[in-house]
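Next up, some structures in C-alpha cells.
One chain, chain A, appears in both complexes that follow, with chain B as partner in the first and chain C in the second.
Presenting the complex of A and B:
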C-alpha cells in the first residue's frame, strides 16, 4: 500500500467509525405460522415460536408457507415466506446502529414512532437510511432489491448513488448497478411474488447477465478485502516488529522501559491494526453472505433447470461465470474466514 | 412389573429434569467469567470469544480468530493476570474495573458484562486505557 503513515492512521480512525460493532436490541417473535426457523449465532437451530427472542447475529428463515412477525422496541417487522433475515449491528459516526439485513425475500417495516436512531436496513444490493414509518423491502433471487415507501421517507444508497423516496414512491436496485429511477407506487398493488417471479424469469432468460451483477458486487467486496488485508498485514508486521523490540528492551533494560515502550509505541499500532482487522472481517462476512444467499441459490435454480441439458450454452456460460466468481471468492475471501464462519 | 416400570420412568424423568436444569443452572459469576477469559488469553485463544456474550456482534465478528486478542494482548506477554476487580463486581456489571498485567503489560481495563440466559455472566465489551482514556477493543 502506498499510503503514508498519517494517511493510514486517518484511515484507521475512519474505520473505527464505520466498522466496529456494538450491541444488540432484542427482537421478540410476536407471531409465527408455517415453516420458519431461527439459526442462532451459536449454531443452534430451532423452529420459530411466539415469544422467542432474536439478537444480533441470529438469522431467521421462512419457508414456502412461513410467516413471522417481530417486534424490535417500536419497530414491527412482517417477514414473508421464503425470506432470509439477519439482525446485525454496526457503529457509524460514533454511535451504534442496528442493521436489519434482508438476504432474500420480503419484509415490511413499520415504525410506531421515529426516534432518529432507526436501524439501517440492508440487502446484498443496497443500504437504506430510514426516515419513514412504513416501508417494504424485497430482496430478489437475483440480488435485486425493491424498496417501496408507504409513509415517511427512506434514503436508498447503492454503488455510491443515493435516492430519497417519499410516500408512495419506490425504487429498484439492480445488483452492481445502483438505484434506478424512482417510480410511483399504487398502494397494495405490488405483489412481491410476482416481482420475484419476474426477476427469476429475467435471470433464467439471461443468467449470465444476472451473474454480472453478482460478479460486480463480489469484486467490490474482494477489492475492499484485498485493500484492508494489505493494510492489515503491513500494520501487523509493524506490530510484530515492535513486539520484538519490546522483548529486547525487557531483557536488556527491564520491565519499566518495556512498559513505557508498550504504551508509547506498541499501543497506537495495535489500535490501528485491530480496526483494520475488524474491517477485513466485516467485508469477508458480507462476501460470504453474497456467495451463499444470492450466488448459491441462483446456481441451484439453474442447475435444476438445466439438469437434463448440461451442454446448453446458457448453462455453460452461467457456470463459467459462476465458477469465476467462486474461484475469486475462494482465492480472496475463504482465506479470511474461519471454520466457524461457514 | 407395572410398578417397577413406573419407578424406572420416574427415575428417568428426574434424571432428565436434573440434566436440563443443570444445563440452565451452570452458573458463572462475573469474577469466574473474567477468570475464564484470563485462562483463554493464556491458553487456547481460539476459544476466547466464547467468553463474550453471544448476543454481542463481537461474538460473530471476532469468532474463533485470534488476531484481535494477539494485537491487544501480545502473546509475548503471557501469562496475563486480571486483578483488582471490585469487591462486588455485581454492584455495577456495566463497569467492572480491573488491571490486566503481563510480563511487560500493565493496562487498566473495564469490562461490561451482561447475563446470558439466567445465571451465566458473559463479557459484552472490553475497554482498555492504553494512555488516552478507555476505548473499546471490540
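Presenting the complex of A and C:
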C-alpha cells in the first residue's frame, strides 16, 4: 500500500533532521509596494511586508501594481507586477541547490556576491544556470520564456538543449521546444507586457500548438516524478531495513556499535532518501505550476471566448487534449501533492 | 401527556415553520441566481470581477490571479454570452462532498476546504437550450461573494 503523502513528508522531515541538514536559504523582503502577497508552504497567506522572510516552498504573488525586492544572501531579486514566484530546492550532484521559480511574470536577478550556492532559475519552460550575473527572466502566458543578460553569463537549458548567453544577449524558449537562436538585446528596451500580449494572442490563435508544448512539458515532469517516486520508495525501504538492523545491534552489541552503524550505514541512506524526496517534490510542484499558470490560464482564456460557441471545433479539440493532460496529472502528480500546495 | 389536538397543532406549526424556512431559503437562492445572471446579461464584468473571490473556481480550474478572473468576466461579456431563462433547480449548503459538483478531484476538494467560507451555497440551475450552470455563492451582511462558476454544460 502507498504511504500517504503527509506520512512521507514527516518521514522526509525526520530524515532531514537525522542528517542534520539545513537546506533552506532564507530570503528577506527588502522592499514592497502595491498589491503583493505571500502564500507560505503551510498554506497561510499574508500581505507582503518589508522584513518578512520567505523560505523554501513559499510563494510570492504580485498584482497589477505590486513591486517587491528580495535579498537571498547575496542574490537580489526585483519582482515586477503580475508575477508569481516560488522558492524551491532540488538536489543535483549530491548537494542541494536553491531554485528560484518564476511561474509567470518577470523578475530581474542580480548577484551582489557569490554565495557558493549559485541558484538555478527556472520557469515552466526552461532552467537557467547562473554565474555571477545580472539578468532578467520573463515567463509568458503560453509558457514561453525570455531571458536577457545584462552582465555575467547564463546557461539556458530546455528539452536537452543548452544556450550560453553573454552580456547583452537574449534568448526565447518556447514551451516544449529547446531554446531558439540567441539574439543581441539592448538593456531595458524589452517591453514585457507587449511581449506577453503577443504570446497570449499567439496562444489563443493556435491553441493546438500551445497544447503540444504543455503536453510535452507535462510528460517530461511526469517521467521525472515517476522515476524519483520509485527511487525514493527503494531508498525508504532500505532506510527502514537499516533502522531495524540498528535496533538489533543496539540490543545485541550495545550503544557504541549502534552509533557506528548509524554513522556509517544509516546516515548516508537517510541523506540519499531526503535528496530523492526533495527532487520528487520539486518536479511535482513544477508540474503543478505548469498546470495552474499555463494550462489553467489557457483553459480560462479559451473558455471565456467560446462560451457562446461550445461546439466550436477549436474549443472541443482543446478540451479533449486538455482533459487528457489533466487525467495524466491526476494519476501521476496529484498523489504527490498535499492540500497546502493547492 | 398532551392531548392529541395540541400535538397536532405543534406538529403543524413545526411543519409550517420548516416549509417557510425552505421557502425563504429558496427565495434567497433565486435572488442570488438572479443577481449573477443579471450582471452577466447586462455586461457588468467589473461588478462580477469585484464579487468574485480569489482564488476562483472555474469548472475544475482554480484561477489564482485577480487579473485573470477580471479577464475571464471581461471576455465572457465581450463575447455576448447570456444566461437565458435561469431556473434554480437545487440549492444546497456546503457539505463534505460539495466539491464533486464542480470536479471530483483532489484540487477541487482542497479548494472547497481551504478557500470557501462556511455558509456558502451550491446553486445548480438550468438555462435555455438545456444547458446547466453551477454557482458557488456566499452572502455576508452587505456583500455577496462568488467563489465558483461551472458551465454551461
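Everything that follows uses one rule, which is that the second predicted complex is superposed on the first by the 251 of 342 C-alpha atoms of A that agree within 3 Å, B and C clash if a C-alpha of one lies under 4 Å from a C-alpha of the other, contacts with A are read in each partner's own complex, and residues count from 1 in each chain.
What we mean here is this: contacts are C-beta pairs under 8 Å (C-beta built on N, C-alpha and C of every residue); 3 or more make two chains touch, one makes a residue touch a chain.
Here the structure is a predicted model, which means the values were calculated and not measured.
A:339 contacts which: chain B (first), chain C (second), both, neither?
both
Give one of first, second, both or neither to describe whether A:305 is in contact with chain B, with chain C, with both, or with none.
second
By the touch definition at the top of the document, which applies to A:274: first (chain B), second (chain C), both, or neither?
A:274 sits against chain B, while chain C stays out of touch.
May I ask you to decide whether A:64 touches chain B, chain C, both, or neither, giving the answer as first, second, both or neither?
A:64 contacts chain C only, not chain B.
Regarding the shared-chain residue A:330, is it in contact with chain B (first), chain C (second), both, or neither?
Touch partner of A:330: chain C, not chain B.
Quick check for you: in the superposed arrangement, does A:297 touch first (chain B), second (chain C), both or neither?
second
Counting only touches as set out at the top, which of chain B and chain C does A:106 meet: first, second, both, neither?
In the superposed model, A:106 contacts neither chain B nor chain C.
Residues of chain A touched: more by chain B or chain C?
The partner that reaches more residues of chain A in the superposed model: B.
Do chain B and chain C touch any of the same residues on chain A, and if so, which?
339, 341
Under the touch definition given earlier, write down the residues of chain B that touch chain A in their complex.
It comes out as residues 54-65, 67-68, 71-72, 74, 76, 103-106, 124-125, 130-131, 135-138.
Along chain A, where are the residues that touch chain B in the complex?
Residue list for chain A touching chain B: 20-24, 26, 40-42, 55-57, 88-90, 236, 239, 243, 246-247, 249-250, 255, 258-259, 261-264, 266-267, 270-271, 273-274, 277-278, 281-282, 285, 338-341.
Which positions of chain C touch chain A when the two form their complex?
Touch list, chain C to chain A: 58-68, 71-76, 79-81, 105-107, 109-111, 113-114, 131, 152.
Where on chain A is chain C touching in the complex?
Result: residues 35, 43, 61, 63-64, 82, 84, 104, 292-293, 296-297, 299-301, 303-308, 310, 326, 330, 334, 337, 339, 341-342 of chain A touch chain C.
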